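Input: a single structure, listed below in structure tokens.
Residue numbering begins at 1 within each chain, and the chains themselves are lettered A, B, C and D in the order written.
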Amino acid sequence: MEMKMDKAALEAFLVRDFPQAAGDYKFVEVAPPYVTMALIASDRHLRPGGTVSGPTMFGLADVCAYFCILATIGPVGLAVTTNCSIDFMRKPAPGRLVCRMELLKLGRMLAVCEGRIFSENAPDMPVARASLTYSIPPAP
Amino acid sequence: MEMKMDKAALEAFLVRDFPQAAGDYKFVEVAPPYVTMALIASDRHLRPGGTVSGPTMFGLADVCAYFCILATIGPVGLAVTTNCSIDFMRKPAPGRLVCRMELLKLGRMLAVCEGRIFSENAPDMPVARASLTYSIPPAP
Amino acid sequence: MEMKMDKAALEAFLVRDFPQAAGDYKFVEVAPPYVTMALIASDRHLRPGGTVSGPTMFGLADVCAYFCILATIGPVGLAVTTNCSIDFMRKPAPGRLVCRMELLKLGRMLAVCEGRIFSENAPDMPVARASLTYSIPPAP
Amino acid sequence: MEMKMDKAALEAFLVRDFPQAAGDYKFVEVAPPYVTMALIASDRHLRPGGTVSGPTMFGLADVCAYFCILATIGPVGLAVTTNCSIDFMRKPAPGRLVCRMELLKLGRMLAVCEGRIFSENAPDMPVARASLTYSIPPAP
């Protein structure tokens, strides 16, 4: 797929449009239809015991899918999540959590992404999988 | 369904086991198989424009399902979310967000909950719906 | 919600547009936003042991959601399922399977339904729950 | 992952335990954690216009996930589907439909599979994606 925003463009968009979340995420790779992001976990992302919480993993998958779409269609600010199905499969190991998301379908109205979350050192043992649908605003 | 923990018992459990999240949620009603909770939204739950974020709604559904199970089986600390499917349907109106969750199935190993999130003043226009599966630890 | 097609209109639509499936389903009640349909199970719907198969239950939920939408928007032939999340919770008891579906959201482009499948005699012990999204063709 | 049943063993199991469905499916490749199966579509799988129906695609994903698990754990007859999330993304092109399923997690009680359905000649344009959870009976 064509790339309309590269890593630097997505980083600038994240900082400008989501200033309160920008410190939580780091782009690892932008290569449409794939985007890979890492979570910079802080205390408020953790459950007792030091495990990353479910809502934090949901948020990582959600933001990664969003930028997966933007990398391909450009800086459209109004795409919204309409559906997510997520399976939590293993406890995260210590270390950074990474999400690798793939844009599976880009239609006129809907985009579908699918990806996995894993501990940086264990890509073959995914912690979670998620599929998400975004509604895309009609071109003006 | 039988009630093993009432509202006061669930509140005490929330404060003791999830001290960092206890200020975010308020029990509205505990009436198995239903539990209703409200979100006490603060700045970190909001997107630009004042809308409650997707991960925050996911978190509300998740915690409400958890306490829906605990109300029926008692203070078992090890139930974990294995799956969630969530649909975001409308933008939240101003006002408190409420989640009403129902325990649909309580098996030996799995519990399934289903519920809706709505703005306190508009229960007929749900903002989101969610279904969640929890894995329940075997009785000791 | 307004009703654009009543039970007789939906029955006629089913027979005309889905002749090969019309014998499998029966409308029980049409009362938007709810539509209730029963499965007329035959041998090809059953698994060994006489249990209704998963794909048959999926099909029942899917067709019931479709007619739930049509009851409200009228005879639009081009709505298509884009997503379904289904939980199988119990083995069906002997007797007819019934699906009661609710139209939760009807937008310009997307409709979301949620419902339950149960044995006719045991509505409180649902066999399955399902949520479905349909994409609706733009008005001409 | 270890292979407990190869292609010939799975084919024999399919014919013996699901005689009424055996003619609908063909194993393409058995290579744990992946199993690939093709649908032998007949009239009853088709919608008007010759498109494979949603329930038929659901059934293909379901059976492929089942054999994905059996290839790894051996001939256990009692695994049951507890959840499926499926996205329908494109109309199938003419030609055989193929499902490639991956076993993502094999726990003591639950197995999670994820896969895609595509037209044989267009693996890069998936028609559907699905994730499924199976409940596995405890070892005797």
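A few notes on this one:
In the analysis below, contacts are C-beta pairs under 8 Å (C-beta built on N, C-alpha and C of every residue); 3 or more make two chains touch, one makes a residue touch a chain.
Small disclaimer: the values here were computed from a predicted structure and weren't measured.
Path length between chain A and chain C in the touching-chain graph (shortest route): 1. Taking each chain's centre as the mean of its C-alpha atoms, chain C lies 24 Å from chain D. In this assembly, the C-alpha centroid of chain B lies 28 Å from the C-alpha centroid of chain C. Inter-chain centre distance (chain B to chain D, centres taken as mean C-alpha positions): 33 Å.
Within chain D, contacts with two or more other chains are made by residues 82-83, 85, 87, 89, 133. Contacts between chains leave no pair untouched here, as each chain touches all the others. Chain contact summary for the complex, chain D toward chain C: residues 17-18, 20, 43-44, 48, 53-56, 58-59, 62, 80-89.
Here chain B touches chain C in the complex through residues 85, 87, 89-90, 104-105, 107, 112, 114, 116, 126, 129, 131, 133, going by the rule given at the top. Residues 82-83, 85, 109-110, 133, 135 of chain C are the ones that touch chain A when the two sit in their complex.
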